[in-house]
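Next come two complexes, and both contain subunit A; in the first it sits with subunit B, in the second with subunit C.
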Partner chain A sequence: MNTVLATPTDNQLAASLSHVSKTYKHFKLQDLSFSLERGTVAGLIGPNGAGKSTTMRILMGLVHPNSGTVQVLGQPISSSQASAKQDIGYYSEDMRLYKPESILWHMQFVRSLYPSWDDAYARELLDRFGLIEQQAIKGLSHGQRVKAMLLLILARRPKFLILDEPTNGLDPVAKHEVLTELMRVVEDPDRTILYSSHNTADIEKICDSITFIDRGRLIASDNRDSFLEQWKRIKLHAPETWQTPSIRGLRLESTFHQLRILSLSHFRDEIPAELQSSGATIEAIDPMSLEEIFVSSVMRGREGEGS
Partner chain B sequence: MNLKAIRILFLKDLFLSRRFLFAYFLAGMAASAIACYPDATVSFIGFILILTVAIAAGIHFIGNLLLSETIDQTRLFIMSLPVSLLDYSIGKISVVLTTYLIPWSAMLACTVICTSLLPWAKQGSMVTLPAIFLFLFSSFMLQLVTAVITESVGWTICVMVGGNVGLNIFLMKLFAIPEIAEISKGDILRWPPVIHQIHGVELLVIAIALGLTVMVQTRKRDLT
Partner chain C sequence: MTIHSWITISLSDPLPLYLQVIEQVKRRVAVGDLKPGTELPSIRQLASQLQVSVITIKRAYLELERDGVIVTRQGKGSVVAERPGLQVAMQERELKDRLTQAADLGLLLGKSKTEMQRRMAEAYEQSQKGKP
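What follows is the complex of A and B.
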């Protein structure tokens, strides 16, 4: 499925991927298309090995797709990777700094490559994150290392932030500090964030739009509120011979005697009446959490693959 | 190509390897000085130390500056900065060559100067020096091209072992050439045609390895 989050003009887009495929020995990213509007925070959710990191590396120009086109900040990333990276901040949990050197050394090194480096903001971040600039990287905890990395990224004031699982392994306080700083970043309407995680709570907290990806395929993409409004969990009682009616987006999740639990991806006001007329008695219609929506989307996508 | 980025990457790597570079430089100078000692046994130990320093410096700088970036995952950090693969590759190959060539040239220069100046040194022995040093450099270049192509510590060590075995065979064959053996024992330095041919082959190996290294590294499409 190829879904476009929005249909703005090209100069309103921070990034767009069109029919992008990448084949590795044991993994395939297949015909991926989506775009990100400037000034938004987009979440990329997928299980481990879904292709989130590969997608982000393709957006950074670090990995070249076998087919398809990638535009970042109005430029094709394949031909203008080095100049585009002046305006992109990329974090990956696989990324490491030089262990024997200090945070200050890294700040000076990164500053030498970025004319946009904001020293005052860097000092502010040092303070807010509770980091000591003379401290060597090898002496930092995981949380401090992540914060040091984010400092090096944020202080160059990038227009587009690509963050691959930045809160992985962080304690709740460090996670709060990082998310708070990212929320400050998006107060600037010109800055865009693509944020990947398998932690749906973080995504739900900060993202405007959400894309689900699984086994190298895009399975759903929409804005956060639409996801939360349209997806419902329906509990109903129905005779054992009852067949799930053919309603768009309706899926039977589990059965316990006469109790059925269904998920619905496209809720309409008429649906309760349609279900009642099929012989079922509705017990409850509840909103679904983003995690439940994600799991249901993944399972639906996998069923679709199998059929 | 961004020369500023290349310079910054080059200086960064030179800074990161400064301690080892200094240590290899000092060790190389000491080994060369020992090699010029009048006693044959001590001189031989010095010669072995020269070979050891050259081999160790080569594998160390390739491992420390090239292979470790992938193992330590610092390469992803560097490639997230505004540098192209061409900038990265040129910076990396230049710094690995520079760090190796500093102790290498210091040892060659020190040995040549000592042999020329010290009254007990046989001037003819200098006939084999460029050939031996060029062999060490070509062996290093083969390790470098292997490291760039395979990005594997294992394969690079295999080529290093091959180079060491090759060095012993090379020395044996070099001193078995009657003309070379005769000149190296005498006080008059001459350059017979055979030594030029050996230099030519060694320089060709170096040029091919360098060309391959640059070609392979700059043709890589995926940066991580």
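What follows is the complex of A and C.
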């Protein structure tokens, strides 16, 4: 029973992308590299059109990158890797169920394709999601349809769930039901979730790691707490002549009389002392929300300043 | 699982999530809801119950263990430490924290030490009589 606490080895990774690029006529995914540790929930956050869905389709082997390597559950992914796909559950709003047929019909259909189908679990999900098995797909609301699709994926008990905006358009109750089931999935340390959203609030609590992308580029990828610890909003008082000291990741956001509001992307313990010695008096160093961090990262990235 | 759990996690609280967990476990020990030897949920179970990330709970448990509040045995899960005086220590800590907060506020508002002592005595008497 040796538990390794060092950096994860390939075996501890559910998936990794290395220098992945894909060019379309009007969109380019550029040199994307990040990895997901097994047993964690990873959030993929980006504005609409950032490349989230393309990234997920690459992980599913549905899209082939022009360059770079992709590993999923210890295997290089390609369209021929049917065995790895048994262990992957992919959700996207683009997927369609067969309208005239019932939820039960779909359950039987998926069961016939996947030996890992767990019927008892499927029944529990029906109950917890408040779905009726005889109901035809065409009569379902948006929320019920999303839950029905997730049921069909979850009941296969895949090791790796790739969920493209699964809570998009859900009411708060349905969203709570879905998040509850996702958290149950990772009670098993061998199962992993990659979850995309343009809404940071949806996933702020549940994610272990977060990857920000914008316009086909990686902006940042780190564990959630590191983001929250490194980004700060600083309020300080300084004379008119005060110049923002050159500290990595520090920038002046606004000025109100003597008050300066700054954002900082790389907090260190020495920074308060460095600011004081520049002639400023610190009023407060506050944490930023993940949403504020996301917007700031994207804006800084777009200005080509990076960090 | 439930939005009404024994630990309440809020994103609007400026305190980081793992510190919210630590604070609330310590409070439960202070008031006696969590007694020495009581089993705690596993890291992944609690993460699932509170709908927070596994890393958040892992970090909270590691710090609680370092502070001597809980004991984790590999493969057996975590229990509240069976240490004499743990509850009193948690009570003292909470009392000290709140007094410090009040003192800081007094200082910020320019109140004198005697003024603060008088106000404390007043507040104490009011509590004794029941709610003001």
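The criterion applied here is as follows: the second predicted complex is superposed on the first by the 291 of 307 C-alpha atoms of A that agree within 3 Å, B and C clash if a C-alpha of one lies under 4 Å from a C-alpha of the other, contacts with A are read in each partner's own complex, and residues count from 1 in each chain.
We adopt the following convention: a residue touches a chain if its C-beta (ideal position, glycine included) is under 8 Å from a C-beta of that chain, and two chains touch if they have at least 3 such contacts.
Only a predicted model underlies this, so the values are computations on that prediction, with no experimental measurement involved.
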Superposition on subunit A - do subunit B and subunit C clash or fit | fit
Once the structures are superposed on A, label A:R184 by its partner contacts, choosing first (subunit B), second (subunit C), both or neither.
-> second
Looking at the overlay, does A:F109 come into contact with subunit B only (first), subunit C only (second), both, or neither?
-> first
Quick one: classify A:R57 as touching subunit B (first), subunit C (second), both or neither.
-> first
Mind working out whether A:I206 is in touch with subunit B, subunit C, both or neither, as first, second, both or neither?
-> second
Where does A:T255 make contact in the superposed view: on subunit B (first), on subunit C (second), on both, or on neither?
-> neither
First (subunit B), second (subunit C), both or neither: which does A:S92 touch?
-> first
Which superposed partner A:P287 touches (first subunit B, second subunit C, both, neither) | second
Three-chain overlay, closest Cα atoms of subunit B and subunit C, distance in Å = 27
Which positions of subunit A touch subunit B when the two form their complex?
-> 57, 60-64, 81-83, 85-86, 89-92, 94-101, 109-110, 112-114, 149
In their shared complex, at which residues does subunit C touch subunit A?
-> 1, 3, 9, 11, 14, 16-18, 44-45, 47-48, 51-56, 59, 74-75
Can you list the residues on subunit B that touch subunit A in the complex?
-> 2, 5, 8, 12, 16, 72-74, 76-77, 79-84, 87, 221-224
Contact set on subunit A toward subunit C in their complex | 1, 39-41, 176, 179-180, 183-184, 186-189, 201, 204-208, 223-225, 228-229, 286-287, 289
